[in-house]
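Chain nomenclature is as follows: A, B, C and D, assigned in order of appearance, with residue numbering initiated at 1 for each chain independently.
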Amino acid sequence: MSWYTAIVLALFFGLLVYAESDLPDSRDTSAPARTHIASRYIEQTYADTRTPNIVTSVLADYRGYDTLGETVVILTAGLAVILILPRKDRRR
Amino acid sequence: MRERLENPVVEGVSKFLVPFMQIFALYVITHGHYGPGGGFQGGVILAASMMLLRLSLGEEYEHRRFSPTAATFVAAVGILIYALAGLVPMAFGGRFLDYAYLPIPGLSSAELRYHGILIVESGVGLVVWGTLVTLFDHLLGSEA
Amino acid sequence: MSALAGNYTYYITAFLLAIGLYGMIGKKNLLKKLIGMNIFQTAIFLFFIHGAVKPGTTVPVLDSRIGMDAAAYINPLPHVLILTAIVVSVATTGVALALLITIYRRYGSLEETTILERMKQSS
Amino acid sequence: MSHLPVLIPITLLLSAFLIPLAGYVKRDFAFAIASVGAFLAFAFSLAGLLMVLSQGEIRYHLGGWAPPIGIEYVLDALSAFMAAVVTLIGLVVLIYSRRSVLHEVPLRVVPLYALAMLLLAGLVGIIVTGDLFNLFVFLEISSLSAYALMAIGDDRAPVASFRYLILGSIAGSFYVLGVGFLYFSTGSLNMADVAQRLPALYQSRAVAAAAIFIFIALGLKMALFPLHLWLPDVYTYAPSAVTALIAPIMTKVSAYVLIRMLLTVFQPAYLRDLLPMTSIIGWLAAAGVLYGSVMAIAQNDFRRMLAYSSISQIGYIGIGIGLANPLGLIGALLHILNHAFMKACLFLVAGSIRFRTGRWKVSSFAGLGRKMPWTMAAFTVSALSMVGIPPAAGFFSKWYLLLGSIDAGNWFLVAVILASSLLTAVYFIRVLEQIYASHANEESAPMKASDPPPSMLLPTLLLGAGLLILGLFNSAIVTHILNIVVLPLHRPGS
């Protein structure tokens, strides 16, 4: 392992451990991530979309554009492989 | 592995198994509203069933039933369904991807969104199914 | 120790991230770089999901018995983000495998050192 | 309620979806749909720019959900300006690419144009979005299409593209990690909402780590010095039309995201005053400017020389961001526009030379001045603009960068900018001398070469003329668009 990868890894690991002490503890229920929009998703989901599964309603409705982008990512991967590895027997 | 396996046990089992896999895949796509599931997971199971057929029954036979160009076609149709579910509400006064403005009569805005999610999930299922089969065919099938 | 009990997962994630990064930049074999990339991305999924978990809560599917109280359910948003991140990871791995196949066909090896030598010979 | 912000990426996405379908019917439809899509996208972004300049920023709530619940698109002076630049360069290079692609990769036209449109859609999606995670999704769309487009060139292209893929996915993962730290500290993903909640958390170590991770990710994508290792090989071995499409805009969009982080998300008070982030960017960029120019002088391969000059020009943009004062940032934004034109024109010239003569070694360019007069005229204008000689546009962006450095009292940067202009002059004059002055030597044996067909020549000339027009109208651009963008940078005192 060359020395510069060792330095990069040490810095990276150190930065992560240094930063993670400030992240909310998993037991503390008043963490910003839980009280801000997450609670609104849970309370509003059934009134807005009649879908019990909150993840699906957030995925397809509240943040539906993310999923459109995601589907385009898959399509890009498909087209990319068609471009990189063309099949011989294509008639067109 | 791409020729026919000539092994009656493998062929028999896979022929028997595939229909159930595909029905279960449709269940997973539509069950996304009530439990873990949705377009991605269902599409992957659909693609897996196709791959099982391709591996066991050989490529020539399978490509006549579901050819790589058809897979790309399915993927493009799926993403167009998703894009239309976004564009149609724009034509009816809503914003992009605002299912409450879908022109389905007789439904409240919440039920419209419920069906909008279903349309979108089926579009995603088609894209994942078509693309993964294309990936499989091109990764395996392309010669130097 | 109580601080550690709360978010020991963060430190496991940090360790996995370091392993993944080592795989990507330390290893010379291209396929091992790809495996390192997958380890790195999976560690990020663990990081997000750990942030969503609350003790004493259930799966984010509304259940009439529990009702709509936000404190009863896990935070659904990281799960949505991770579904997208998984899809991105699969797509990147697919394209990377396609590249590896073309590289292997042209140079007969996935070792970076051998590939560079054969490049010099061919130029 | 105008739909403009979403129409720009949607037209590109729709044309990308239609191309595989139309490709079955007739392969030539691919180029037709692509050019129509690119033209519509440029028309919408121009209309968006005009509307933003007259009525202020447009906020568009996707799915009908207001932020922070839903995803928000924001078309303000900065994003409208960038969208117009990216779609214009995309359109011009797309028109150029028809003959050049048929020459180099004839069989795979349908997936190629579909991916080109997805690349543009991804870049425009990054520019217009107001949501941190949505930016990651479109970043991956543009990156994936770039990996594939660059892998179909010479026989070394897949190796260079694989290295770019690994570094690109490190960048993408670092960005997501940074967004994760921000989300778990502030609880929201919307840029404006995060910006409101950050001041209370300026002491938090998680926010500092988020800023560092996002900065490293964007530095990698932007090919900012020490993180530029992937760029030279990729730009050299990719097909010329692909490099002409990617080189001028892709690194600039990452620079735009860095500016967006500075101005909107982390606010200058944090990145400039609390953390030494902007000064680090400035120093790295200054090193990059010198490194790029010096390495470019040493190259004989014309494309590799342009690749290293890209690294040094990105350094100028980095200097502008690093100064983080109004004049410096105006210089950076103007340089994004100018360099997009310059680099596109130069790579189109490189592609035309390769299209006609199949050569890319500068030493074999002797006598091209007479044989390809119009192409070389465009090359000369771009070379003057790169060196920074008025009235070409390049001079004015360097002028603002100089003013910015003087305003910040940083004389070392002033020296760096002047020194690198001289270095840039060295390697361009070497090429100019080869093209015009020297007679045919053994390497450039008699070759029949003439200007490329109009469909390739006109875009090149358009960009060359554009450089002169931009030079003349730069003050209009600055006063009307860029002054609005840099308002948040004014220090409370000055």
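Going forward, contacts are C-beta pairs under 8 Å (C-beta built on N, C-alpha and C of every residue); 3 or more make two chains touch, one makes a residue touch a chain.
As the structure is a prediction and not an experimental result, all values here were calculated from the model.
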Selected pair, greater C-beta contact count between C-D and A-C: A-C
Centre-of-Cα separation between chain C and chain A, whole angstrom: 10
Centroid distance [mean C-alpha coordinates] between chain D and chain C, Å: 28
Separation of mean Cα positions, chain D and chain B [Å, integer]: 36
Chain centre separation in whole Å, for chain B relative to chain A (CA means): 22
Shared interface positions of chain C, touching two or more other chains: 17, 21, 25, 51, 61, 77-78, 83-84, 87-88, 91-92, 94-95, 98-99, 101-102
Of all residues in chain A, the ones touching two or more other chains: 16, 20-21, 23-24, 33-34, 37-38, 41, 52-53, 55, 59, 61, 63-67, 69-70, 72-77, 80-82, 84-86, 92
Junction residues of chain B, two or more chains touched: 34-36, 69, 72, 75-76, 79, 83, 86, 96-97, 99, 135, 138-139, 142
Arrangement of touching chains [line / ring / star / complete / other]: complete
Contacting residues of chain A [partner chain D, same complex]: 15-16, 18-24, 31-38, 40-41, 44, 61-66, 69-70, 72-73, 75-77, 79-84, 86, 92
Chain C-touching residues of chain D, taken from the complex the two chains share: 133, 136-137, 140, 144, 147-148, 151, 155-156, 158-159, 161-162, 165-166, 169-170, 172-173, 176-177, 180, 183-184, 189
Chain B-touching residues of chain D, taken from the complex the two chains share: 1, 3, 6, 10, 13-14, 17-18, 20-21, 24, 60-64
Chain A contact footprint on chain D (complex, rising order): 13, 16-17, 20, 23-24, 27, 62-63, 65, 68-71, 107-108, 111-112, 114-115, 118, 121, 125, 133-134, 137-138, 140-141, 144-145, 147-149, 151-152, 158, 181, 183-188, 197, 204-210, 212
Contacting residues of chain B [partner chain C, same complex]: 34-36, 40, 135, 138-139, 142, 144
